[in-house]
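Labels A, B, C and D are assigned to the chains in the order they are written; within every chain, residues are numbered from 1.
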């Protein structure tokens, strides 16, 4: 029997662009694009954050909720909530963004560890029932992301027998490269 | 009662990249991306033709058939079938392309007139039942095209009550611009 | 009589990517590309900072010195020297960068005020004699920048009768846009 | 003793965008950007032809003359003068373009053979005295092209002792690739 993968709820110390904290349960019935990023990760800044913002602006009314997760695992003194707030302002980011909860003495934040993210950017798609249906590290091109979102939007009920597509790209050894920034 | 829009079959004088002529009936059960272009239309060359080729290469196995329609309505002496063949070779285009049938004394070819195309590039999506579900003039971005394809791939049967999305962009008066080339 | 414009020396509170403080006098005999930026200015991050880095990497040996000036005039708590250091690391910036000196109670830093910069990005070219020969606000395309650098590299002596090209682009009212971030 | 490289005059069967035939002698005193292309060479269409057009539009008044050379060495039936004329019209090319003279029974045209061009795109820079100062096969980036042009614009007299920079990029075996189209 194939179990449908799910992810535990995110743990957020501070929210931006939303007046109330968001939960997975509150998203039920909608397709959720969850993207993990760092404000100083070049590939996030040039590709994944603006891509997520476009999905938010163009498909929120069609049933897609976009949530950013600021998963700082390096340069903590540089990527503070104050820094993030300025970043979101300057880049005109309007979709909700939560700061992943830190644990004292642990460089990788809580949600990032629970989700076993490889680094930033990471992109996850949850279906209307809250099941994890796509999980990618690195850049995802618009065409593939669009097809995946289009498919999920057509589902009225979760598809229990569909397997999770957990495609993780070839790793690189440097900290940040064209693909993104990896936890070492 | 809403009628579902259909389009008559294309009329082709010569095919490339296929050993047998293609018909709409032969596509039943598949999602069809039909794109009209001219080999000397800058926006087609830089955007719509390579986009169509990517859809062909990446989603043919998922049930999408991509067909190019060479709808020459200007510079006929420059955009001949011999020219088209060289173009397809040099640009590494592998999806089937048909030359829209000309009528003596009429600059706009037959299929282009029957489909009332505004110019090139034009993009049409047909669902698995052969109904016209999207019709756009000018550049369509990858994200929107992907979502539209993803939705259609999830349909087992045509949706008779769904309206055609016939979104035509704002017109320009010049012959060829950033958006494409228009019939004047 | 035309006077040749000069600029006073920069005032820097902290240097990165250089073991010794840099001065204009120390640059005599070389062409200097001086670019003012902020680490959260989108147009700087996507265009002017990587452009300056390319000039540094490809033309340092030909006689061009590239110096970045971190002129923070907004979001001071977000764009700290610690933040800048992480930014330079993640974006692989190897050319010298100085933090423009702040004055208590004044949001615009010292050098930025002395140079009467309109905002970020700003680009200045100094000739081998230290005269200001180009001063632009906003994006400068590679072709124009290259021609300007090529011309200055050919000068053995300053050209006293050549007028300063002080071309400032049309202003925008928003804080940060495609062009850059302006002091309001 | 270093001889300064020169090139013989181009041999043109038909000119576009000029009312009188152009000769090297007629260019004396100006910097000349000579670029060889084919209208169905993807790298020419996307990069080198629009780059040459920008140089023409932005630096003609500064003393740069841009000349295109249509050097068809393959698909001759597809890249006719009629085809070229439509191409120049659709792509809004306004700088002079000459069709390289063909010899019966020889696929590579006359000027292309005399200049020993490796393929398309090829870019040559002639100084004000008519000496060949740069010769590149494949894409040349704007920054390097700009610096080279800027340097030549500053020369009042040719520099007899300066060596020709004949940098030819690494070869590829396919006919047309990202870099350009090569004579096989």
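Methods note: contacts are C-beta pairs under 8 Å (C-beta built on N, C-alpha and C of every residue); 3 or more make two chains touch, one makes a residue touch a chain.
It should be emphasised that the depicted structure is a prediction, and the values quoted were computed from it without experimental measurement.
**Student:** Which contact partners do chain A and chain D have in common?
**Tutor:** Output, common partners of chain A and chain D: B, C.
**Student:** Name the chain whose C-alpha centroid is most distant from the C-alpha centroid of chain B.
**Tutor:** Relative to chain B, the chain whose C-alpha centre sits farthest away is C.
**Student:** Just curious, how far off is chain C from chain A if you go by their C-alpha centres, in Å?
**Tutor:** 35
**Student:** Hey, how far is the Cα centre of chain B from the one of chain C, in Å?
**Tutor:** Comparing mean C-alpha positions, chain C is 48 Å from chain B.
**Student:** Mark out which residues of chain C touch at least two other chains, giving numbers and ranges.
**Tutor:** Not one residue in chain C touches at least two other chains.
**Student:** How do the chains pair up in terms of touching? List each pair.
**Tutor:** Contacting pairs: A-B, A-C, B-D, C-D.
**Student:** Per the contact definition, I'd like the list of chain C residues that touch chain A in the complex.
**Tutor:** Listed in rising order, the residues of chain C that touch chain A are 40-42, 45-46, 74-75, 77-80, 82-83, 85-87, 89-91, 175-176, 181.
**Student:** Which chain A residues qualify as touching chain B in the complex?
**Tutor:** By the definition above, chain A touches chain B via 51, 54-55, 58-59, 62, 141-155.
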